[in-house]
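By letter and in written order, the chains are A, B, C and D; residue numbering begins at 1 in each of them.
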Amino acid sequence: MQEKATHHLLINYPFTADNTLVVVTGFFQQHGFHILTIEQQISPEEPVAFMRIELQSSSLQSSNEEALEQQFEDQVATRYKMKWALQRLNKPKNIAIFVSKHDHVLLDLLKRRKQQRLNANILCVISNHPDLRHEVEEIAGLPFHQVPVNKISKFTHEQEIADLLKKNKPELIVLARYMQVLSADFVRQYQNKIINIHHSFLPAFAGANPYQQAFHRGVKLIGATAHYVTSELDQGPIIEQDAIRVSHRYSTADLKDIGSDLECNVLSRAVNWHLEDRVIVHDNKTTIFYS
Amino acid sequence: MQEKATHHLLINYPFTADNTLVVVTGFFQQHGFHILTIEQQISPEEPVAFMRIELQSSSLQSSNEEALEQQFEDQVATRYKMKWALQRLNKPKNIAIFVSKHDHVLLDLLKRRKQQRLNANILCVISNHPDLRHEVEEIAGLPFHQVPVNKISKFTHEQEIADLLKKNKPELIVLARYMQVLSADFVRQYQNKIINIHHSFLPAFAGANPYQQAFHRGVKLIGATAHYVTSELDQGPIIEQDAIRVSHRYSTADLKDIGSDLECNVLSRAVNWHLEDRVIVHDNKTTIFYS
Amino acid sequence: MQEKATHHLLINYPFTADNTLVVVTGFFQQHGFHILTIEQQISPEEPVAFMRIELQSSSLQSSNEEALEQQFEDQVATRYKMKWALQRLNKPKNIAIFVSKHDHVLLDLLKRRKQQRLNANILCVISNHPDLRHEVEEIAGLPFHQVPVNKISKFTHEQEIADLLKKNKPELIVLARYMQVLSADFVRQYQNKIINIHHSFLPAFAGANPYQQAFHRGVKLIGATAHYVTSELDQGPIIEQDAIRVSHRYSTADLKDIGSDLECNVLSRAVNWHLEDRVIVHDNKTTIFYS
Amino acid sequence: MQEKATHHLLINYPFTADNTLVVVTGFFQQHGFHILTIEQQISPEEPVAFMRIELQSSSLQSSNEEALEQQFEDQVATRYKMKWALQRLNKPKNIAIFVSKHDHVLLDLLKRRKQQRLNANILCVISNHPDLRHEVEEIAGLPFHQVPVNKISKFTHEQEIADLLKKNKPELIVLARYMQVLSADFVRQYQNKIINIHHSFLPAFAGANPYQQAFHRGVKLIGATAHYVTSELDQGPIIEQDAIRVSHRYSTADLKDIGSDLECNVLSRAVNWHLEDRVIVHDNKTTIFYS
């Protein structure tokens, strides 16, 4: 007997008020799908529509998925100039995690995985330092690859990582306080597929040492920002941000301490939204279909 | 030349996964509407669907609206056991505001009206006290009706208010710190059409003097709750809540002071969502289609 | 060579505006102390003063501490009817943690201990279930005692725990989602020394299943409360609370999920403030000297 | 009969751990004062102490205040290199408010004054536009001075304002969305006596049109910042900040709308802390003694 297959469909297209939505839902009805939830929004300042549909079918077999996608492309998407993606719900995405020495964000992701609150299959953890090997290999039982930066050129380092990824084929890369800047070439291969956590309320305190910058500026809130990585440092589309109250009594070390929880919370929300196909990127901004 | 008419359609219905959504959108497409935004959600714990659609038509005339509604009822709503309402967007709703002596919530609503941030036509302000007459009549230029409680029986008081409302026909009644309890009979006539602001984080501190209760319990956050009024005191469907940090240093008077801003913010959000047709009540709970 | 010893002094006393503060600071100056930080507050609604002083001495030896305390009691505290405690700063307090089956709060405390963000010496973890033994013994390397409830009477269970504690002598007991109610007798022995995390915004949803209660009431924020345990269930002095926004889309399971992070954050703040001698309890309310 | 006079004393001084605090409290005890509340903090990253004392005397007459201040300067402050200020509690400070065309912040300050939540004597409102004259003169009954910028040079404009202020002698100037940049010369005369509200989470989006900048960057929180004005635009010591969640659905106009409440709240907190002598500025950062 066949199980019911649930899918997410994410679409954005130039909005011309000609009921494209009826065309899309009609297409899937004809192919035996039921629509569970749907949301179409219009950008507040330009005629672009963003749509997310949860679909269920009791007849679709995996083997037919490709054919269905081709039909949708030919009959609907091309005509309406759509960018779209169809994802099978609850199928864990394969991810790779990059770290350096800071352990708190990685440990938080591993904790959530253990608590079944991170619907992902962690292929491997890659680091330029050996420090977190024990945590990853012994405690979490996951592959750990150390790719040092110092002894080899920056280019070779990235090449070595690229090779590892070619084998692993991650659908998402999470930079869990990975302290290296990735090259434009590397980033281009994983467009909107690399999520970084920056430990400030961007665009404030971009670049290095944001907690120290925050201390010196005397801000009364500190923040954290999860964003897709683009070739411009700390300039990619923001997925999630949050902030927390601090005071003049906090040293830079205190800011790091209180900020570390914030980083974990912000990153895990962003990663989960990506894993649940809730994010559309358009024009360096994200549309999030919140749960 | 005709202007484009935009409408909101709010629906809830028992969800059976048979693409009712396609039927609804199809109906409006056939009647010359374009769908701007749509959102269908399923209740997390029972098979009930909640839908909100923003529709636009360049051909619908007001005179035809009633006919269209009848057709929708006959052809769609009855068949799918829908509860629904079609509202013309941006048409200000007529509201009545009830107050007692506290002025802060009323003044905030009047300020928002002046700033064109409250899309409502305030028919009148009704109070059991004379205190705010000047603010309402002189400053805001609105009708003020004093209906005292003390000198007449509670029943007569309410009867007098009912008579005033019969003339005014408000679509929404806002209790802006109105300190009287309305009878079950009265409330029944305005089901989901009376919004109250309670100055606590319900269900904590229901009833009288919530700030004093909060002081004595030593809570570290105080809250405010906007809810529809039902015959059970402070038990109606919650529309919006918020909370703010306090400390042991706050006296009851301080809590009232800091809480007064919170009450204004929470109530105005709730009222605006109601005015923008973003709220569906089902089973003593609200579904809000957030902007 | 002697190290500098830093202490915390916590005092509360009936306030009569006769410069008791000058007497206290004078006493410690005469005994060779320097005052680093000081804070005296007056209760907002009764004449009670709360004071916290950080003191530093380069001459005090541990052996003299008892004599100094006796002198302070005799010369100052008795005269001004003070309740007070002098604590050596940065000396980790000995704590015991009670758990049942839920692991998230315990894991969070263990994580913070590992990150050196919990200045405590965890003597042991006590549970009525065996589930978390591996985490405690193998991963964290701490003693784990299972004291089952089912097979023995409630009384015997508590007796067995009391015996364990007599050996361990904890200065603080942390109930990290321990699902048993402690008897009034037990609680009396650890007055203001047992901190519980309740998974609601008290006094809302006291008692069992707060997330389910919150779901049914349709609240728009959920909360968590850390409080000292008294003989009345969920009625003890509140140390810390926080709340987080939810919506109608959240199932009870979603509330549990998002609430679990909140519980960890709220409890860890409360425990840290207790460990840093920042909490005075007076009249079922807490005064917190925030960092 | 004499009333009791309550004062605030604010001090900062290089901290050398030699019990300066005992000297200060001793001085006031000798002069017949009682200490109500006291707080001394040490900067987290340099040896500087910040102290605030609430003092009460039943014998001090206004005529003696100057003599007392001179004695404190001679006997204590000079010796310990203190910067200090003694203020009479509850004596409303004289303030001037500068506005342009935006009315929301001004209206909020006037509302708080009416509700007796702003302990200040508003001397006058100065604007480069005539728009708010009616609100100020007719509704609030306060002097309104229009000093246009366009028809005269920037220099003459500021000169005209300076002349007005010479007559009025404000102790604090509040820039309630005043859209002109004040010259370094002007600012220098009112060091730490001009509070501005900037409608972003500084240092993000300094300069013009922060809401538009925020919209284009796609941030998920917007903020507001109250700070003392220095000669460097938007770089002065931050007194208060807050942030509020927004989403991709918000247009620039929506951000302005939701941000306008935030601006009012943040500014009023900052102004009240200044009026209650709770702010010490040191090294372009503020120490706030929170209530």
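The rule we apply is simple: a residue touches a chain if its C-beta (ideal position, glycine included) is under 8 Å from a C-beta of that chain, and two chains touch if they have at least 3 such contacts.
Please read all numbers here as calculations on a predicted model, not as lab measurements.
A.B. asks: If you take the mean of the Cα atoms for each chain, which one ends up farthest from subunit D?
C.D. replies: A
A.B. asks: Considering B-C alongside C-D, which chain pair is linked by more C-beta pairs in contact?
C.D. replies: Counting C-beta pairs in contact, B-C comes out ahead.
A.B. asks: Return the distance between the CA-based centres of subunit B and subunit C, expressed in whole Å.
C.D. replies: 42
A.B. asks: Quick check: how many Å separate the C-alpha centres of subunit C and subunit D?
C.D. replies: Taking the mean C-alpha position of each chain, the two centres sit 37 Å apart.
A.B. asks: Two or more other chains touching the same residue: where does that happen in subunit C?
C.D. replies: 41, 249, 254
A.B. asks: Where on subunit C does subunit D make contact in their complex?
C.D. replies: Within the complex, subunit C touches subunit D at residues 17-19, 21-22, 25-26, 29, 34-42, 56.
A.B. asks: Per the contact definition, I'd like the list of subunit A residues that touch subunit D in the complex.
C.D. replies: These residues of subunit A touch subunit D: 41, 43-45, 201-205, 215, 217-221, 223, 237-243, 247-252, 254, 284-288, 290.
A.B. asks: In the complex, go through subunit D and note every residue touching subunit B.
C.D. replies: 103-104, 107, 111, 115, 117, 139, 249, 254, 257, 260-261, 265, 291
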